[in-house]
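In the two assemblies presented below, chain A is common to both, partnered first by chain B and then by chain C.
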Partner chain A sequence: MKQWNRRKATVLILVISILFLVTVAAAGSQCSDAARATDFSRKNLLPCLEYPFGTDWMGRDMFARTLKGLSLSILIGVLAAAISAVIALVLGICAATLGRRADGVITWVIDLIMGIPHMLLLILISVAAGRGLKGVIIGVAFTHWTSLARLIRAEVMQLKESPYVKIAGKLGKGKWYVAYRHILPHLLPQFAVGLVLMFPHAILHEASITFLGFGLTSEQPAIGIILSESMKYLVLGKWWLALFPGLALVVTVIMFYLLGENLRRLIDPNSAHE
Partner chain B sequence: MKRKFAAIVCAAAVLCGSISGVSAKASEQDAAQKSEVVVTMTAASEPASGFDPAYGWGAGEHVHEPLIQSTLLVTNPDLTIGMDLATEYSVSEDGLTWTVKIRDDVKFTDGEPLTASDVAFTYNNCKENSSVNDFTMLESAEAVDDTTVVFHMTRPFSPWPYTMAITGIVPEHAYDENYGMNPIGSGRYMLAQWDQGQQIILEANPDYYGEEVKMKKVTVLFMDEEASLAAAMSGDADVSYTASTFADMTLEGYSLLVAESVDNRGINLPTIPEEERDGLVIGNDVLSDIAVRRAINIGIDREKMIENVLGGYGTPAYSVCDQMPWYNEASEVSYDPEAAKALLDEAGWKTGDDGIREKDGVRAAFTILYHPSDSVRQALAEDMANQLGQLGIEVTTEAAGWDVAYDKAQSQPLMWGWGAHSPMELYNIYHTAPESDLAEYSPYANETVDQYMDEALSTSDLEQSYELWQKAQFDGETGVTQDGDCSWIWLCNVSHLYFVKDGLQVAEQKIHPHGHGWSIVNNVDQWEWTE
Partner chain C sequence: MVFLLVAVSIVSFILMTMSPVDPLQANVGQAALGSMSQEQIEKLEAYWGVDEPPLKRYLAWAKDFVRGDFGMSLQYRQPVSKVIAVKLGNSLFLMVTAWILSGVIGFILGVAAGVFRGRLPDRLIKGYCVVISSTPAFWLALLLLMIFGVWLKVLPIGLSVPIGLEASGVTFLDRLRHAILPALTLSITGISNIALHTREKMIDVMESDYVLFARARGESTWQIVRRHALRNVLLPAITLQFASISEIFGGSVLVEQVFSYSGMGQAAVTAGLGSDMPLLMAITIVSAVFVFGGNLIANILYGIVDPRIRRGGNRK
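On to the complex of A and B.
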């Protein structure tokens, strides 16, 4: 009875987090204009019914800006994490299957990238790729694949030694065939969870690089932009400019984390039958 | 973190002040403090290359009096020319030779007399090395005797006195590559201490030849806006610069000083249709229509914009040089949205279904660029977009760093900031650039305007040159104003704001130029504490 409840709760949380994220993404994409509209007759308003998150020094609706910013973040996070996960998958499998030398090179690259401070590398790549949306996506995509790649490599190495893969090899199946038909399906759960758990990282990094001024440009209502703009007004006691967008970012990140964790619980063989 | 850092700096400054007065009695200490002042400035105001006029001290992008050095001439509060080292000056008929007589009683702070050869050395050195200011019109400077210096020019240049008013004279005998760090001059102050990235302490020159320096010690702290505000809140700064965002705060023991400025903001309007030159897009199909440019100029409510964006701390701008002696009052326009709409209608810009005007399939739409870290410029651009929307012109805003802004401004308006104590600014903005048929910062050309400015440069009489500069703006038929080509639109002059401690009398300010920095202390020697 208890176990059934737990599974149900897991599914419920999963559905709630997916609903939340989809709603935010959809709502955000609907209020692009509202997020940018300025109206100096309503500047610096405290949160009220009409403007639940208040307005800023140019009379922009912070609620619309926050929604739009979150949906931008989610878009960037999903795109960058997806690219990143694909890189991780390909390199992880290559490392495990293409022999010692390939493994050496790929492991070395992973160690190298993990050795450089994350933020620094992210800024470098993003600036080199021309800043803006493109720069951030490329920057995040090329810095976040390492730990997942390592995970996949280890998993594949383990799978390679497993009896059914060995048998398939002995039966004369080619390397690619084995990788595609036998190893890849087994990897998918880890891969899916790794992908989802990469979202919150990607979103936080997008926000921080933009906050530092190396990401999106200031006419775009990204969360990083909103937070860095609000810094100046905190001195003046305009707390709502930073508080609500910051909280919203945290909630979004937590939702992604819950999504990933619960997804793992459902499809990880170790916990799927709890 | 920054505030913490600033607090430490302030604390250190106060500590230094108190240590120096430890042995003195309390009353003496009070008296000493009454001739000391602590001023905050933006971090960018710290002279990166030191106090060397050849590398931009005083004579740089943002002009101000060099304090440590003397200048030949000075600008008066009304921005006409007065004397400092010079006793008289004249220019030859052809404008190619300037002769300046200087006083013979001036000594550098190391005791050596200041002679005409130091003056000649300074200018020749600036010509060779200055990368910041324009000295290309100078052929060479020559000391004829101890008190006479002659400038040979490559071309006539009537605003030369304005250059002479900002170029500090350095001692030939004590000048080397490290001069900027250990400046010796003959001005009102000596550099006592410089902690890079933090503060500069100036002490009065006891042998100063001019009026007695009343403020004996000036400490300049470099910090950002928030830290400057904190310094005023804690009482550590006597004069603390601030921005309109903070101006409505009431700080006990401080009052707000509003210094009028010619620190203007405006946008360039490309006057030619879009085309591609050397891979660069120049011109704009909407703004090349003069009716659109004129409609924008009168369709903008500048007062409202100043109220919205600057909290009222600004004055409407109608030219790059409002209130300067060379300003032409014909630049002024009054806000008239109906007339603006009529202008657009007349020119064939018909309102479409979505409320945006169109003409021959071209939408009345353009982008205004602004610098990403400048919230005032961003807000001005946004307010302008709102106001122009009412006229049926669609404006979007876009951030552009200086690395790309100059190129982009060739085809799209950019929110600029200008305003200097020299008519050369008119030349830089409106005159066609060398080896080009268009002006440098925005595609524009008008032969008549060019001609007036060339004449203004070559005239030998400064008064007469003012008149020609005015004619370049508008001569009754053509020019750069509303009734002329209207190739730039000026929005507002941003007042420079300071929190000033009660009891401190800040002497009358000249109209501040662009750059919220050293201008405030131009006359710090005449500031006074009163009870």
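On to the complex of A and C.
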């Protein structure tokens, strides 16, 4: 371990977590047929070598279903978090550069959205968007941007006071030019980290909302659907239906979290040289 | 704050009316609708309020709401205020327990982790927090249910009261027994956030000059924590604690669903799935009152905990 300094270890963790997530996403999209195939000759099997996660009451391979569900969740989570982060970036910059009135309106909207409990707002939005896949993505995308927007706004406020931005203004550069050329590049590291750290939240909330039944149908085995189905069979002692898919979800979320934390460690100048 | 509440009601109303989900189709079903006469359908439309323009409906709703008439719940066929009173009573017990437990334990763990930074207790606590914050609350609830309800059979697997008993026959102990698992789940998930943030703050404090000076004077770790650190860490912890009301509310939606515990969260899900507008609106507003109220209390408490803010306020 002597040759491995912390930076190398961080990069290694980063690579491992990216590889894991890409593999799961790719493998999941390959086995959508296996996830749906029912075979009543092998129903309710305990986990064994052939079916590592066991099979359910319709003889569906839980391993394939979990993979499929995870890849679906990862895709939805990444998409929704990306939309959400872009909203945060645009609104955060607008709040800080467009003057006091725009700032007031945007912070007010942030307060408003933070005032409604997260799950409740998700339910409201997904009902408004007509449930289904679209409702889940829109719901997650429109509820997660607030804290990142606040962070970006504070950062821009600070940058606006910095000498080089003031000099650029004095040199007669336009507001948008300064925002684009001088402020945006400084925000990108923080934005990237904020984006990645948003994934775990997005995925967890996606799983929660599908678990409650606002999301997808049972033909599309999202991880929330799998767990809510398994809940009905829990009392009958079929513990593996709930245990393994949930565990896989936790591992995925931790991978995203590690990805974000290590990325932050690399990018953040305060800890880059530790 | 009143302004914000009005805005919350407008936003949630707009969201509800935007919904393309037809309440008739969702609740009556396609087949039943097809076999009904035009007259019956019109009656149902009037019941679900589909036939009036949105603005008129909102104003009528708001007028009644201000007077204290929350309307009729379409799903439970009872006045909304009655439904909420019952459900809130059930939930409040759960949420308050979880709120206090997670706050106190989270704070203690966070302080401990910050003091022993980088050593074994810190690693354990941090590892616990990371794992728990990546765990969906409903899965944790399922696990606990599996262990205590199905395997050990020591605690009931669901509902807020025993099955098959009259309301008068339910003792307080029964209620308590049914609330243990949901409250436990909520507390476990709530701890991690507060502990992690307190830890960060505690590390800042422990590296400060005044702690270094105190150590140079020969104060023990415990004295430093008690005299210098606690007050400084308490302030952000209070903010977090009151901000976590919203989180606990969201968590209770999931947890109540798993345990079939009849509380606010379950009512919200029923209302959402069944397009029960009056109930969902009322739940949104009641929960928003809690969240805003929490922020308000946090602001007042700042002044009590931190003398600098108190004096700053007076100078104005």
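Just so we're on the same page, the second predicted complex is superposed on the first by the 270 of 274 C-alpha atoms of A that agree within 3 Å, B and C clash if a C-alpha of one lies under 4 Å from a C-alpha of the other, contacts with A are read in each partner's own complex, and residues count from 1 in each chain.
Following the convention adopted for this analysis, a residue touches a chain if its C-beta (ideal position, glycine included) is under 8 Å from a C-beta of that chain, and two chains touch if they have at least 3 such contacts.
Just so it is clear, the model here is predicted, and its values are computed rather than measured.
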item: First (chain B), second (chain C), both or neither touched by A:Val253; value: second
item: Touching partner for A:Gly130 - first (chain B), second (chain C), both, neither; value: second
item: Touching partner for A:Gly213 - first (chain B), second (chain C), both, neither; value: both
item: Residues of chain A touched, compared between chain B and chain C (which is higher); value: C
item: Touched partner set for A:Glu229, first chain B, second chain C, both or neither; value: first
item: Partner chain(s) touched by A:Leu12 [first = chain B, second = chain C, both, neither]; value: neither
item: Which superposed partner A:Met119 touches (first chain B, second chain C, both, neither); value: second
item: Contact residues of chain A, present in both the chain B and the chain C interface; value: 213, 235
item: Chain B-touching residues of chain A, taken from the complex the two chains share; value: 38-40, 43, 57-58, 213, 217-219, 229, 232-233, 235-236
item: Contact footprint of chain A on chain B as seen in their complex; value: 225-226, 229-230, 245-246, 249, 308-309, 372-373, 375, 378-379, 382-383, 385-386, 397-400
item: Touching residues (chain side chain A, partner chain C) in the complex; value: 108, 111-112, 114-120, 123-131, 200, 204, 207-208, 211-214, 227, 230-231, 234-235, 237, 239, 242-243, 246, 249-250, 253-254, 257
item: Interfacial residue positions of chain C with respect to chain A in the complex; value: 4, 7-8, 11-12, 14-16, 18-21, 130-131, 133-139, 142-143, 145-146, 149-150, 157, 246-247, 249-251, 253-254, 257-258, 265, 268-269, 272-273, 275, 280, 283-284, 287-288, 291-292
